[in-house]
Each structure stands twice: as C-alpha cells, then as structure tokens.
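You will see two complexes here that share chain A, one where it goes with chain B and one where it goes with chain C.
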Partner chain A sequence: MENEKKIRKENVKAAVFRFAPLGGLILLFGIFMALAVIKDINIPYSFKNIVNQSVVVVVAATGAVFIYTLGSFDISLGASLCVSALIGAMAYNATKSLPVMLLTCVGVAVLISLTSSVLASVFNLPVFVTTIAMLSLLSALALVLIGANGTGDVIQVPAAAVRGINNVWFKLIILAVYLGMCVFLFDFMKLGRREKFQGGNPVCAKLTGLNGKRLAIAAFAIAGVGVGLGAFLTITYAPTLSRNTASSVGMDIIISIVFGGMPVSGGARSKIYSAVIGALSMTMLNQIMLALSLDSGVGQIVKAIIFLLVVSISMSNSKGNILPR
Partner chain B sequence: MTRTVEIKNMSKRFGPTVALDNVSFEAHGGEILGLIGENGSGKSTATSIFAGMQRCDSGEMLFEGKAWSPVSMTDALNKGVGMIVQESGTVAGISVAENIFLGETKDFRKGLFIDRKRMIEEAQKALDGIGADHIRADAVTGTLDFQDRKLTEIAKVMVKAPRVLVVDETTTALSQKGRDIIYTIMNRMKEEGKTVIFISHDLDEIMEKCDRLTVLRDGKIIRTFEKNEFDPDAIRTSMIGREIEGSYYRADYGEETGKEIVLRAEGLCLGDQLKDLSFELHAGEILGVGGLSHCGMHTLGKVLFGAEKAEKGSFTVKGKAVRNEAEAMRLGIGYVAKDRDTESLCTEASIKDNIAVAGLDRFAVKNFLILPGKEKQYVNEQVQALSIKCRNADQYVSALSGGNKQKVAFGKWTGRRSEILILDCPTRGVDIGVKQAMYRLMDRIRKEGRSVLLISEELAELIGMSDRLLIMKDGRLEKEFKRDPELTEADVIRCMI
Partner chain C sequence: MKNGMKLTALLMALVMTLCACGTKGNESTASAAPGTSTEAPGKSTEAPATTAAEKTGPDDSKNVKIGVLVSDVTSAEALAFRAYYEEYIQKQYNVTFMYSDELADAAAEASAIDNFIANNCKAIISFASADRPAQIETCESNGVYYAVATGTLTDEQYETYKNYKYYVGAIGPDLMTEYMAGYDMAKYYLDQGFTKFGMFGGATPYYTEMHIYRAAGMLVAMCEAGKGTYLGASDMGGMIGAIYGAGCQLTPAKIGSVELCGYVGGYDFDDAWFGKLAAVANDPNVEVLLAVGSGQTAFAGFKQASQKLGDIDCYTADSVKLMESGTLNYLAGKFSASIGPIFMAVLSAVQGHPIRNAEGNAFAIGQGYWVATSAEEAKEYYAVDSSKTEPAYTRNMLDKLYNASYSDFEAFVKAYSFEEIKGLAK
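Showing the complex of A and B:
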C-alpha cells in the first residue's frame, strides 16, 4: 500500500517535471489574457503579433533540437538565416519567382549547415567549434552580399511580391508541415532514436554501431531546412533585409530550446516540442512585458532570471549533466 | 576490539524501491568485515551512506563511538572514512596528481600559483606507497586503463590515511597485481587496528580475506557469519534465499561443437596488444580467452567488433571482412564491453532506449518506421527473458543495480539474436544468482548453434564455460586448452605468467 503511494508520488513528480514547460506556457497565456482584459488590449491583433514574432524562431529552433539532442550546439544559426534570406531575396529579384526564393533559402541554409558538420567531420573537431568559425565567415559574407548587390545597406524584395503570403495562416501551415516532419523523424524513425542515444553516450553509441559523424550531418541538414524556412518567413514579414536581419535569432533559438525543457546536455530526455513551447513562452513573455510597459532593459533581466531558473530546475531533475560537446 | 563503525536501524528508499530496511551492523578495529549479497541487496547503499555519498531516510550512525553524519565523501574522507567505489571515479581530462589531490590544490598554493612540481611529487609518493609505482603522477588520467585509473582512486583515498576503508566490488575489475595491491592495503590496515569493510561477489575471495561476513538480501540483514562458520553453501543460500539449483557452470564434457567456422582471425597485430594472433571460432562454440589483464584480450574484443583496427592481419565473419561496428552488427556480432557504464550502456537513458537502439532493424516497420507498440513488445520480451528487475522498461538504467544493468547490456544483443556474442568480463560485479542466469544464457546460445567469445579474468568461469580456452600473454596466443574436467586453474595460470 505504502509502496503504491510512493510509486504514485514518483509518477506525479515525473509528470510535473515533464509538463512543467507546458504548464509555464499556459500560465503565461493566462497572465497575458488577464492583462489583455484589464488593459483592454486588442487580443486578435496581439495573437497575430505573437505568431509573426515567434514563427521564425519556432521553425528554426525545431530543427535545431536535432543538433541539441546530440549534446552539441550551433552558434551560427542566426547568421546562417541572415545569409540565406539575403541570397533568397537576390534569387527572387533575379527570377521574380517565390518558389525559387523558397528553394534558394532552404538550399543555402542546408549547404551552410552541411559545411559546418562536414568540416567538423573532416577535421575531427566538435561541431560547435566549426559553427563558431562559420559565425565569423557568414557575418562577413552578409556584408559582401549587401555590398555586391549595389543597393546601399539593404537588399529588398518588393513588399507587394510577398504581401499575399504574409498572413498568419500561411505561416502556420509552413510551421505545421515542418513540425510534423520533425516529429515524425524524431519520434517515429530510427534517426531520432539514434540521435538521442548518440547524445546520451557517444562512446556507447559507437559500440552499438551508430555513426556519430553521419548522425551529426543528418541533424545539421534537418536544422538547415528549418533555418531556410525561417529565412523565407523572415523575408515575407520584413522584405527589407540588412546585415542586422535575424541578429537576435541565434540567441533566441538557444533560449527557446532550453526554455521549452530541453536538457542542456541533450540525450534521451530531449523533446522535439521544446522549441515550440519555448519560443511561444518567450514571445508571450515579451507581450506581457509590453502590456506592463516595462523598460526593455528590465525585460532582458527578467528573461535572464527565468532562463537561469529553468536551467537549474532542469539540471536538478537529471543526474550526470555535462557541458555541450 | 573497539567498535569503529555502528549502523543502527538504517532505512533508505529510492522512490518506491526499498534499498535498506531497518539495517543494523557494526565493524570493529583490526577487522576486515565482508558484506555480501545479490545485486540490489543494499551493500553499496549502506556503506556509501556511511562514506558520505548519500543520506539515509532514517537510522543512526556512529563512528568511533560518536554520532556520524558526513555531509559529503570528501568530508567523510577528511574525518577518517574512505571508500573505493565500484565504477570509475576519476576525471579523465586531468593529470593523475590532480585527481589524487582533487579539491585539495590549496595545499600546494605558492603565492598566486599552484606548485605543480610538489603536487606531482606528493602524488607519486602516494602511488608508490600503495605499490602502484608504474603509474606516472603527471600522466593524463584518460590515457590510463581501467585498472590504473582504479589504482589512482585508491591512492587518492589512502593518501588521507583513513581509519575506515570501504572497498566496494573493486577487485573484480583488477588483475591479480591490482588485487594484490588492495589485499596488501587491507591487511596493513587490519594490522594497524583499523577497519576494512570489503564488498565482493567473489565468495572464495571474501571468505579468504574477511574475519566476519554479513549477508544482506532485499535491503535486510540476513545473517552474520563468524570466520569459523564460513561455509560456501550456507552463505550462498543466505544470499539468495534458496539453494542454487542445478550446476553453476556447464556440466557437459565431450560435446562436439559445430564444424562451420563463423569467425576466422589470421595474423592480427596491433601495437603491443596483439601480436600475430590467429584462431577460429566455430558455430555452437564458447571460445574462452584469458590471460593477465594487460595481455591484449580486451583489445581483441574491440578489434573483432570493428571498434579498433588491426595494423596487420585480417579477420572474417562467415567469409566477410569487418571494417566497423555497424558492419559487425550486420554480420551478426554483438559486443558487451568490460566498462559497462561507459561503453555498454547509456545510463541516463531508459531500459527501453538501451535495448531498442541495437534492435531497431528488428522491429522497425519496413526498416524505418517505429511503432511504439512494436518497440514496447520487443523490449518487454528481453526484460522478461532476462528477468530484469525494474518498475517498467521506461525506468532509467542509472537507477538499476549492477547485475540488472548488465542484463540490459545483454538484452541489447540477445534481442537481435546475434550469431556471435563477444562478452568481455560479462559477470564482473554481478552476484551469483545473476551469474548463474548468464551462464545458462550462454549455454542456451551455444545449444542454439550460435557462438560466444568469452573474454574473462575469472579463470573458474573460463574453465567452467569454454569449449576451448585460449590463453594470451603479452599480446600473443600462448596456449590452447580443450574442454576437460581435469583442467585446473593452476594449469592455466602456469601459461599466463
């Protein structure tokens, strides 16, 4: 009897930890709704804003979960998104074709991701090391592209060209398709299982026949697709691109993933939904701070405190955490 | 004799699992007390609580007559209680000296800097003091093998001159030289009037070394045997609560193995570990490989699984060359490594994750789609077949006892019905009940026409289970023995040394 009670208690505790990020999101949603009623905020407009602000990060971060699951991380995702968007915009301006722009964005982002992972594989380096080098390289490339385009400090797609697809439903469809693909790969295919095992113990994974380099390349390729889609959505929302486009996306991806309950060391406890929950929570938090008219500096401090809190709780719930590889 | 260690009515739970249920025992100065019991019986839990690794839920502890509640292992060690744990407890990326004085570097401060030279000198003295003078204190710990890392840990504990030393299932990981070092330390402490608590699954060893023997089962104290009461059968029965039924090792002699050669190695060379090694493994055969710890046998296991590449020579499985682990698996090879927690298992993943990952191609629909129901069925079959004690297959491996962890490591390969199982020290750190189950499993595999390459440092196991026994020395094949009821450990040892 007492044993059953203990089992129930343990199961409840595990469920609390498992659903804590979702609970956090629901709590933030509740606070936002309460504030919206009190302060008479236009709710449909705010939701549109939430989707517009979060969709790029959600898409890019969902793909990045594959990288984090391996216990690695990519610091160059924001820069990659910027370069993909710039080249995608140039492709549109050359062809006047939205499908070409989409394919270019995705193709460039995948190519950049593959370059990072293949270089790491060739030089036998941890992948995050090559992503640091890629960050510098891509920042320089963005400047070169803008300079070579001869349109001042920006590259622009005519707003009219993307007006038709700059709507919430189109963005949600893109997100749903990509998220569905990632969930399928992560939870229902061999790849996802192997990625999680590789992240949990690379030595044991090797002695179970898993090829760590191939898994890293696959993870980076999937993340590249997400970054490419993010680049496309960025252009639809803000068709004037500069060197600062998506400058905060890289950091937002990292924060969102951790915020959504992803273990910092990756492995078996990784969850594909972390990115969605994390990015929506972050955007909701931003909206709450806006509603409270908080200074942006205060907002950053609040975010930093919540970030530390989330990481410390997630680490206290799992033994043997290690720094990212 | 003075009571140095007193544990009274200690209880401890891990979630719903009762690890210790009102446990009381004591150990005296000038005594070696043995603790024995099946995996998960509570031996390590009780001693690790006394050594400051964790806290009990209730109960009382006394050390040298005074209330004892260390806040950490370092605290306990500084106050006179040291423990050498079963698995590796060193940090790989730093030097041996830094491991020995981990957290103590302030003692070597010279102004703003650390006097590394003095630290290395002191560490070398500590290593020399326990008889491990072959280890260089300035070496990077990660470059050492399992045994030398374990000896580094021993030096780290002994440098503090503890008055109570807990040796938790350490010796089975060591060669005879390593064991001798620990035995010397234990005997010296006993002569100095200090206390040793010795945990081991090796009944012969524990009966020889200990003055008293306390048996635990399912978190309870079952009985304490005085030296004059030591009787192997009585101790075994106390441990598992029933008499061991049937024979422990294989009882058959003279049975023919299959004629088909499933694995052929020719002229394998790799550094000083493998020197021109050639042999064949037949279908339905258990081929034992033994020798001293550094003879190259562990490297052989890795090479045959494709995890390390031989510099010269070749080996084929059913006529096909093996270049890497994935190919080895495709050709039906399974490999249970010696270093269980690092190489065989992902301890922070569930039982399901560990077993399923090796058998994805067995249950994935069209070899890519994973249906949760099929995965669960596949894993549960292994959990039941191997009698893995767990709440359910979603339980994390880190929460299992050593024996059950080892069963999970087996389950990875038995699930995919590997045709050739390479088992490196498969019964290290497991109790006699689990050992017997594993021996029966090996025998069943043999009878089904599959093959086992059994690498072991336990001669009794090799002699008792193998159809043929290869003895390696300094990387070379020294001698081959055929299965024979007259074969003794002495015959084998003569070739090893």
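Showing the complex of A and C:
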C-alpha cells in the first residue's frame, strides 16, 4: 500500500517535471496577457512580434537539439548563421533569385557544420573543441566577406526583394516544415533513438556497434539545415547584414534549449520540442520585461535567476539511480 | 529537502528582484506624470504644466510614450544623453521614454522598433544606424513618428524619405561637421609647430563614416601643413576616396614635412590592441596623439608627459579631470542637451504640429561640437552639461520650439556653441 503511494507520488513528481517547461511557458503567456490588458499593449502586433523575434532561434535551436542529444554542443552556430547569411545575400545580389539565396544559406551552413564534425573525426577531438576553432575562423571570415564585397561595413539585400516573404505565415510554414522533419527523425526514426543512446552512454553505444562519428556527422548536418534556414529568415527580417549579424543567436540557442527542459548532458531525456518551448519562453519573458519597463541590466539578472531555476529543476529530476525508459 | 531549499532561495531572489524593479518602474512612470504627488520639484517652479486649452506650449495633459533606439548603452556619451532625457526631460514633460537594449545589428533594431510599436509608442528617436531606411519604412507604415538624433541621413536617403509624413527629421553633426572637427583639431596642433603625429582611427576599419570623415579631416590638415599627400590625396574628396580605396586600413606615412608616425584602428580591446596603442604612444618621435573618438580610453594610459592629446568625444567628469591634469589638451565634445531640440520636434509632431522646412519636407539640420582647449573651458562646459536642473537647453528654451516655424527652429539649433546657447538662455 505504502509502496503504491510512493510510486504514485513519484509518477506525479515525474509528470510535473516533464511538463514544467510547458507549464512555465503557459504561465509566462498568462502573465504577458494580463500585462497586455493592464498596460494597453497592442496584442495582435505583439503576437507578430513574438513570432518574428523567436523564429530564427527556434529553427536553429531545433536542429541543434540533435547535437545536444549526443552530449556535445556547438558554440559556433551564431557565427555560422552570420557567414551563411552573408554568403546567401551575396548570392542573391549576384543572381536576384530568392531560391538561390535559400539554397546558398542552407548549403553553406551545412558545409560549415560538416567541416566541424569531420575535423573532429579526423583529429579525434571532442566536437565542441573544433567548434571553438570554427567560431574564430567564421568571425574572421565574416569580416573578409564584408571587405571583399566592397560595400562599406554591410552587405545588403534590397528590402523590396524580401518584403513579400517577410510575413508571419511564411515564417510559420518554414518553421512547421523543418520542425515536422526534425520530430519525424528524432521521435520516429532509428536516428533519434541511436542519438539518445549515444548521448546517454557512449561506451554501451559503441559496444552495441553504433558508429558515434557517423551519428555526430548526421546531427551536425541536420543542425546545419536549421542554421541555414535561420540565416534565410534573418535576411528576410533584416536584409542589412554586418559583422554583428546574429551575434547573440549562438547564446540564445544554448539558453533556449536548456530553458526548454533539455538535459545539458543529452541522452534519453532529450526532447525535440525543448527548443520551441525555450525560445518562445525567452521571447515571452523579454516582452514581459519590456512591458514592466525594466532596465536591461535588471532584466538580464532576472533572466539569469530564472535560467538557474530551470536548470536546477531539470538537474534535480535527473539524479535518480535508475536509467530512464 | 536540500533541493527544495535551493529552489526556494532562487525563487525568493527572483521575487525580490522583480519587486525592486517593479517599484523602480512605477516611480519612473509616476515621475513622468505631472500633477501627481511624485511630480518633480523643479517642474512647478520653472514652467507650470500647460493644458490643451491654453495652446501656448506642449500639451501636458496626456502622457506621450517615446521609444529610444540605442546602439550603445555604456559609453559616457550614451549615458549622458540618457540622463538628460530621463532625469531632466521626463521630469519636465508628460512623456515616458522607453529605451531599447544595446542594438548590435539591423535585426536587433527591427525587433526593438516592433517592441516599441507593440507598446504603443507614438514616436521613436534613433541613436542607432545599422539600417536607417528600414527603421524609417517601419515607422511610416505603422504611423509612428521617427527622428534621428546626433546624426544625419545620407543625401540619397534624405531625398528618398524627406516627404514621408512620419519622418520628423535629423539633427546632429553632418559629415562635413565631422570632417571639420578632425581638420580643426589637427590644425590646432599644426599651427603650434608640431609635425610628428600618432593617430587612433576608432571605427575607421569598420567603414564607419563618422570616423572616416574625422580621420580624413586630420590627414588633409597634415597635407596642407606639410605640403604633401597621403595615399596620393590632399583634399577632402580625394582623401575620403583614398581611405575607402585602401579598405579603410590606414598606415603610417610621411606627408611632406609632417609625419604620421603611428596609427591604430579598431576596437579590439585585447592585449595586442593595447600593445599597438602603447607602441604608438611610446614612440619618442611622436609629439601629438590624435583620436577620432575614445582617445581617452585608447591613449590616456600610455601617453608620455611631453606629448599632447586631442580627442573628439563628449564632456564627462573623467575628461575634465584629464584636462586638469594636462593629459588631455583638446576636446571637441558633444553636449548631452544637444538632443533637446529633436525631442521637442518629435513632441510637437505627435501633438499635431510637425515642423517642416520651407518645401514642406522633413528637416536635416547640422549641429557641431563644443571645443575646449583648456581645463577652465572644459570645467565650465561640463558644469552646464551635467546639470539636472539647468542644463544647456532648459524647458523654457525648448518650449519656444513647440510648433515653431522652420526658420526659428533652424536658427535655434544652429546656434549650438556654448556662448550662443548662453545667449539664448538669457
């Protein structure tokens, strides 16, 4: 009897922890709506705003979940997005074709991602080490590209060229297609299960015959597609690109994934929806800070405390002795 | 149990932070509303609040929310501008300023504008220039007034946007003013017989026009004094073209009888960058160090006692101290109240009285620097510039610009020197 009670209590606790990030997002949404009514905020414009501000991070971070599931991480995603966008913009200016720009953004981002993972395989290094090197390399490459383009300190796509696709529905369609692909690969294909296994216990995974390097290359390729789409959406929203383009995206990806309840160590508890929930929560939190007219420094402190809170909850739930099923 | 305590501690810290901030936010908003118990003390003594019925000045009966786009939130100049708006203007008028975070790129600017529009800001004053055309277009399509502070549009941009209904205009140092600021500073030292220079080019390598024009001014002054050329150029147009032609990467060179002994550009803030600055300052040949901006950060720590230092920046307590100690000898600085007239033009437009030029277009008015060559001058300027009760442009002075004719408005803005402003105040 007591055992049953204990098991039920544990199950309830597990369910609470599992849905805590989603609950957090719903809570933030509720607070935002209350503030919107009290402070006379333009709600339809705010929704459009939330989509515009979160879609790039959602797309890039959803792909990055594959990397995080392996227990690794890529610190160069922001720089990769910047370089992909710059080369994509140059491709548009050369061809005046939006499909060419899209393909260039995705192609360059995948190439950069694959370079990171292949270099790690060749030199037998942890992948995140090569991504640190890539971060420096890509930052320098961004400056070289801008200099070589010969148009001052920016590379621009004419605003009129992207005005037609700079709308919420187009962005949501891109997000839905990519998210659908990632969910299918992560939750319904062998790839996702293998990645979780590899991230949870690399030794066992190796002993059962899984090829860790191949899994890493697949994860980085999928993340590259997300980064490329993020680069395309960045150009759509703000077609003037500089060396600072996407400078905060790298960190936003990490924060969003963790904020969405993804375990830092990857493995079986990894969830593909973490990035969506995390990025939307972060954007909602920013909107709340703005509505409260909080000083940006104070806002950062509040975010840091919430971040610690979320990680603490996440860690406290993963300290059990039994492996998750 | 332990975990529970940790979580409780974190939650308490969060609640305390939010409570503290909520109070601060409320105070700020309350202080902006005249007639309330928290009204600023100086408000009632200097200029009583007017009502819509009186029509003699700004309508203080309804709060106006204004968004402020800032690409820099930590420099002394940015802090001084913010202090003028938040600690003086916001207490004098029924307005609330909503500041953006630091905006690194065009996407951040677009997000900040969207945030302002969602929060029902009626106007936006911009200190950020990553993509001004996009800012203007977004404001125009959403019916939000837009103005440029401390800068101007390019000629091409002005021609495109001058007749936009919601584009108010721009006040700030135009590129000619920037060029002359650099030229005058170099000439000041050349006239004293100095011929060996070290230069800090600031954001010149990043193609920042403001710094390129200041650097060009300095180099042309050197060409004229030394009867030589730099990169084959010796006049304004040629020099600017030559700088762009060199990829905005300047190098030391002999310019006739004058010599640019050392040059550092960029804002790397790493050991190598500081090392290069130290090398220029430690060159025994260098007599004068010139900076297109941030010269106090770049050179003040390395400068030798015998060297002179000139900078184009702003008036702060630190710059006054440096002038008193003889570390800084020439300062062309922006004054914080210089953004007062653009605020009044915006408020006037929001309240239905836009100020347009003779052709009915948005205005573009140049505004220059206060130049101090002695500690006494710098102290006098700073005393006025940092005042929270009697700044350079007070409410009494700004109220005269409300619904003013373009010629009156232009004359007021163009009389920007310290002495002229003192005259206007009387």
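In this section, the second predicted complex is superposed on the first by the 315 of 325 C-alpha atoms of A that agree within 3 Å, B and C clash if a C-alpha of one lies under 4 Å from a C-alpha of the other, contacts with A are read in each partner's own complex, and residues count from 1 in each chain.
Heads up, the rule we're going with is that contacts are C-beta pairs under 8 Å (C-beta built on N, C-alpha and C of every residue); 3 or more make two chains touch, one makes a residue touch a chain.
In this text, all values refer to a predicted model and were calculated from it rather than measured experimentally.
By the touch criterion defined above, A:N49 lies against chain C but remains apart from chain B after alignment on the C-alpha atoms of chain A. Contacts of A:K96 after superposition: neither chain B nor chain C is touched. When chain A is checked against chain B and against chain C, the one touching more of its residues turns out to be C.
Using the contact criterion defined above for the overlaid structures, shared-chain residue A:Q287 touches chain C, although it does not reach chain B. When both complexes are overlaid on chain A, the residue A:S312 reaches chain C alone and has no touch with chain B. In the superposition on chain A, no residue of chain A contacts both chain B and chain C. Contact residues of chain A toward chain C in the complex are 39-42, 45-46, 48-49, 52-53, 56, 147, 152-154, 159, 234, 237-248, 287, 290-296, 298-299, 301-302, 305-306, 308-309, 312-313, 316. On the side of chain A, the complex with chain B involves touching residues 3-4, 6-7, 10, 187-190, 193-194, 196-197, 200-201, 203-211, 267-269, 318-320.
For chain C in complex with chain A, the residues that touch the partner chain are 3, 6-7, 10-11, 13-14, 17-18, 20-22, 24-25, 28-29, 73, 96, 98-99, 101-102, 104-111, 114-115, 117-120, 130-131, 133-134, 137, 206-208, 247. Put simply, chain B touches chain A in their complex at residues 13, 15-16, 18, 305, 307, 324-326, 328-329, 335, 337, 342-350, 353-354, 356-358, 360-361, 364, 367-371, 391, 398, 412.
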